[in-house]
Each structure stands twice: as C-alpha cells, then as structure tokens.
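Consider the two complexes below, in which subunit A is the common component and subunit B and subunit C are the respective partners.
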Partner chain A sequence: MAIYSFFILNKNAGMVYSREFTNVKIESEKVYNYPLEVKLDKLGCIKFGARDPVKVGHVLISVNGQDVYFDKMDKNRLKMKDMKGAEDVFEYLNNVANYPVQLKFGRAPLTTNDKLVLTGRFFGLYSLAWQLSPVAHSSGIEQIETDQNRLYCFHTITGFKFIAITDSRQQNVENFLRKSYEIFSDYGLKNPFYLNDQPIKSDLFDFHIQLSVDNIDRL
Partner chain B sequence: MAIYNFYIFNREGQCIYYREWNRSKQSGLNQEQEFKQMFGLIIEMKSFVTKMSPTDLKDGFLGFKTNKYKMNYYETPSGLKFVLNTDVNPLGNTRELLHQVYEQVLLPTVIKNVNVNLQEPIKSTVFENKLEDLIRNSTIFKN
Partner chain C sequence: MSKTSGKYNVTDPRKISYELFTLTYGSFVMQLIKDYEDVDEVNKQLDTIGYNMGNRMIEDFLARNPHISRCSDFRETAEVLSKQAFKMFLGIQPQVTNWNNSFDEFSLIIDPNPLTEFVEFPDHGKFEKLNYSQIICGAIRGALEMVQLKVECNLKTDQNKGDSTYTEIRIKFVEIIQDAIPVGED
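After this line comes the complex of A and B, so read on.
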C-alpha cells in the first residue's frame, strides 16, 4: 500500500510540482546467445521477443556489466562506457564473436522531460473524457484504473490538477489530494516570494507533503 | 438504469458495433467522429498508463471514472476492444460482464460464423437479441 508519485499541474498544463515516493527498481540480467532473441529499437527499448522476467518496453541498461548510455553528441548512438574508443552497442551485438553476452534490462525511470510530456498528455485525455461523456454535466477524469495501480486526479476550481499515482488497494487518496491542496495554498500560494505558475521549491512544502504521505500509509 | 452505452472496436480501430441504452447527452459530433475519438482515447490511454506506471502491468488499462460515469474497458488477446460506459459505482463486476459479452454473445453468434467478416459492422439480429438479454438481465443494468 503506497503512494508512488504526486504531481501538481497548473491550468496551462505546466508542472508546478512533482515528487516520487518509490525507488523500486525493476531490472533483470540474462545471458543471451547469437542470434539475439530480443529485437531492440535504436534507443535500446525492447520491441518484441522478450521472455520473462524481461518484458517488452524494458530498456537496455548494461552489456557485460558495462553501462549503456545514449550519446547525443555522436548521431544519437547507443554506446558502452569504459570501452576503448566507446564502442557502439549495436555493432557489438551484431558481432558473433562477442557471444554469449550478458545483458541487463530494466524499466526506464521517468525523466523530468518525460513527466512534462505525460502530464501534458493527461490534459488531452481529461477533456476527451468530458467530451465523450454519455451523461450531462460530467467532469473530466477523476480516476484511471489499471490492474496494478491507480491514478487519482483532483481538479480545483482555480484550474490546478492534483495527481497521485497509488497502489490499487490504497484508500483515502481523495482526502490526501484535498489535504495537499490545503498545503499548497498555505505553503505555496501564501508565500510572498512565490511566483504564479512557477515550480515550487520550498522545504516546508516538501516536508508537509511528505508528512501527509506518511500519514496516509498508516491508514 | 446504470448502463449508458457500449462500443466494440476491431483491431483496425473501426467501430463494428454500437448501442446505447440510457444515454442522456450526445457528444455533439457525428457518430463516425465520435467512434474515432473514442478509439483515440483508448489508444492514448493505454500508452499513457504503461508509461506512467512505476511497475510492469499485466492487463494494463481497465477504465476510468469521472464524477458522473465510469468507462470500462476490456480487450481480448485477438485485439477486439470493448468499451462499456456505466454509472460511477456499478453494482457488479463490469469486467466479468464484458467477458461474458465476448464469450457468450459475440463468440458463438459472430466470430464462429464463417460468413462474417470482422472488418464490417455487425448486423446479426441473433447477436443483438442475445446482447440485449445479457445486458438487460445484468445486475448493473437493473440497479
């Protein structure tokens, strides 16, 4: 039972605050023989051919213990660290002589950029849900359900959206979101140095959000 | 009276069946446009959910809620997509109901029929009657 992450968006789909409360890493390492059974795209993301515990959508993290990184300076190639001449991952994997090879795959963590894009996409979904409503006077999305977790959205009359991603068994998330609106008005908006629609960087705000997350977990 | 409308999409994204029961508000679009929007919503929702989730998902997207209605989603391994809009708190398992629609109604009357092409909208009256029976007798519809 847990809250995984928490976001505040302003009315222009900008992200005012984001915080993650989980550090679960999903990674798995496996030895592969030639030819490689998984098919990767040019970002190292598995397209198909994955078998448990590796899944489609996982990203290549390391090859034979050497971390893989994305070289934007060199034609966006995927490279390995600590190799003489920084070897290209795909050249390495296409060479039969290098097999068997030990590959580590895992779920890529969300970068700040990903979060900005995703929260922007949520705005589109929100208004589509309202438009396709079969009954009058419907709001936008308040809850998205999957088999593992849920996304709760609390829309304030001032246009802010408070979003929490939680485990599907977690109760009382609506209360938590209302509480965080209160914290946001107290420690964000009432702060005379806070500029509207700018990201919040306040220790007191962080502290109170953390406090209410800890409290909800005990319920 | 808590079931509003029902869509079936084939794997190409074409709406092959649509029916409504107690729908009180139209979307203001023509029907073709509305089907496209609904399919777009599903596709976007599925990818949004897999990106946003901190863990790996098994079934993925199951539906969403607003303050007035709940959208229930079920997808078969063959890529048929079912969307059922109900009341916010449906009395009964909607996922189970959608599975029954697939297993007890669509499968024997349409999919097992060799003359039916799933690229075309479903016109079978047997299918329609059976679906009507199943939906009208479900606890979700009655309450």
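After this line comes the complex of A and C, so read on.
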C-alpha cells in the first residue's frame, strides 16, 4: 500500500506542486545473450519481445551496471556514462563481443513537462465530468479507478485541486488530501515569501507532506 | 487569541498572547504613519495589507473548516463570517445587524475590538481620518474575493470618531465574479 504521487493544481490548471514518492521503483534486471531478444526504439524504450519481469514500455536504465543517458548533441541516441568517450549504447549492443550483457529496464520517470501535460488534461476531464452531469450541483471527478491504482481528487471552494495517485488498497486518502490542504495553507500560503500561484519550493512543506504520507493510516 | 486552551493548560502553538498581538498591530500602524506621513495613504496601505492577508487566510479557514460549503445567499455569508471566521482568527463573534431591505448590505459590530484594546486617540484631530482597523476590512474583502464574492467593505465608525466605543464594519455585496468561478463550482 502506498501513495505513488501527489499534485496540487491551482484554479488555472497550473501545477503548483508535484511530488513522487520514490519508495516505489519499478525496475527489473536481466542478463541477455546475443542476439538481443528485446526490440528497442531509438529512445531505449522496449517495443516488442519483452518477457517477465521486463515489460513492454519500459526504458533502458543501465547496461552492465552503468547508467545510460541521452547524448546532448543528438537527442535520439543513448550513451553510457563512465565509459571512455561515452560509448553509444546501440553500437555496444550490436557488438557480439560484449555479450552476455546485463540490462536494467524500468518505468520511464515522468518529466516535469509530462506532468504539466497530464495534470492539464485531468483538469479538462474534471470540467468535462462536471458539465456532463445531468444532476445539478454535481462535483467533478473525485476518483478514477484502475485495477492497480486509484486517483483521488479533492477540490476546494477556491479552486485548488489536490490529487493523489495511490495503490488501490490504500485507505484514508481523502483524509490525507484534506490534511495536505491544511499543510498547504500553513507552510505554503503563510510563508510570506511565497508568491500566489507560483510553484511551491519549500523544504518545510516537503517535510510535512512526507510526514503525512508516512503516517497516512493514522491521520 | 486566548493564551491557553484545553483543560491541561497546554499552550496552543497557533495562538499568541492577546497583548503581544495588539501591541504589534499598534506599533505597525504607527510605523506606517511615520513612513507615509499621510493618513489617507496609511488607510490605503492597511487595506491592501489586509487584502493580501485575506487572500491567504481564506485557504486556512476552509482547510480547517471542511464542512463549510459555498454560500447561497449573503445572510449565510454574514453568519459564517461572524460566527466562524472572526471566531477562528480573532476569537470574537461580532454582531450582524442593520440589514438593508434587499439583504445585500449589513454591519458587523465589533465590541470590544481586540485591535483597539489599549488605543486612545489624541484630541487634536490629526488622526481623525485614520481608519485604525482598516486591515480587517481589507482581509474580509480579500478573503471573499477568493470565493468569487466581490464586496465593498468600509469602516463606518471607529473609536477615534465621535463617541462610539465600538467598531462598525459595513459590508456591501457588489457582484459574484463570474469569470473567476473555478470549473466544478456553480
């Protein structure tokens, strides 16, 4: 049971805060022989040929324990860190002499830009749900359920949205979101140096959010 | 503003001493008067400061009073304002009176006003125009604006005017700010 991520949106669909709780990492490692059975696209994402525990859609994180990163010069090539001259990953994987190799794959982390796009879309869906409702005074989306996880949304009268994505067995999330509203009003808004509608970058705020995430079952 | 609360005499960390509060506010206003040297400008500044405070206080108020929902008429607003908001932030419950016929304008009588607990204005009329408690008006205006209620809020009487011993705040409904209503609220 866990909270995976937490977001705050303001009434203009701007993301004021986002936080991922890194205790849930989806990563898997496997040794491969030549020729490579998984088919990668040029971003290192598996398109086909994955077998458990590696899954389609995961991206290449490391080769033989060495992290890979995008080459700044040519954004579509992956390079290996700490190698002489930062070797190109795909050249390395095409060379029979390098096998067997140990590859680590994992869920691609969301970039800030991804988050902005996704939360913006959720904002649209929220208003869609509200407008489609045949009943007056209906709220927008409060929960989205999948077989693995749930998205909870708490909407305040002033237009803020507090969103948590959790494991589907996690209880007490509504209380957590209310609590986070209190934390937001305390450590976000009562900080005189915080500018309204700007992203929150406060250690105190982070700390108290983390605290209530850790104690979610006792809130 | 109570010093202690609860039967175990535990000091609430969210509350400060009444005297420290009124003292802070007093010296704060005096400093503004020194800096601006113009009573009208001081009134304006106090109102702006209150407005900025109100913008943020509303979130605190709503976060701690989750049962409060959007008001459907101004009488409800007045009720919540006096019975809950003032109670939470200043520890007092002002009286709601002097409604006009269309129920969109009322007065809040603050008696006694914690801000003016120790205040006595000099007789020589220099501070006649000073709205000492203008910050409360600003805060009300700022807070209500965040829930899309535009109001006019004025200090009608203050201790430095005439013989009145109480503070009267006149609040007038102007409009619902339609554009700013967040999606999902009607």
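As a working rule, the second predicted complex is superposed on the first by the 180 of 219 C-alpha atoms of A that agree within 3 Å, B and C clash if a C-alpha of one lies under 4 Å from a C-alpha of the other, contacts with A are read in each partner's own complex, and residues count from 1 in each chain.
Basically, a contact is a pair of C-beta atoms (placed from the backbone, for glycine too) under 8 Å apart; a residue touches a chain by one contact, two chains touch by 3 or more.
Remember, predicted model here, so these are calculated numbers, not experimental data.
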item: Which superposed partner A:H137 touches (first subunit B, second subunit C, both, neither); value: both
item: Partner chain(s) touched by A:N196 [first = subunit B, second = subunit C, both, neither]; value: second
item: First (subunit B), second (subunit C), both or neither touched by A:I157; value: second
item: First, second, both or neither for A:F184, with subunit B first and subunit C second; value: second
item: First, second, both or neither for A:N215, with subunit B first and subunit C second; value: neither
item: Which superposed partner A:Q171 touches (first subunit B, second subunit C, both, neither); value: neither
item: Residue contacts on subunit A - larger count, subunit B or subunit C; value: B
item: Touched partner set for A:R107, first subunit B, second subunit C, both or neither; value: first
item: Subunit C-contacting residues of subunit A that also contact subunit B; value: 130, 136-137, 139-140
item: Complex interface listing, subunit B residues touching subunit A; value: 4-5, 20, 23-25, 27-28, 34, 37-38, 40-41, 44-45, 48-69, 71, 85
item: Subunit C-touching residues of subunit A, taken from the complex the two chains share; value: 11, 123, 126-127, 130, 136-137, 139-140, 155-160, 178, 181-182, 184-186, 189-190, 196
item: Touching residues on subunit A, where the partner in the complex is subunit B; value: 4-5, 20, 22, 24, 26, 55, 57, 107, 110, 114, 118, 121-122, 124-125, 128-149, 151, 165
item: Subunit C to subunit A touching residues, read off their complex; value: 55-56, 58-60, 62-64, 66, 68-70, 146-147, 180, 182-186
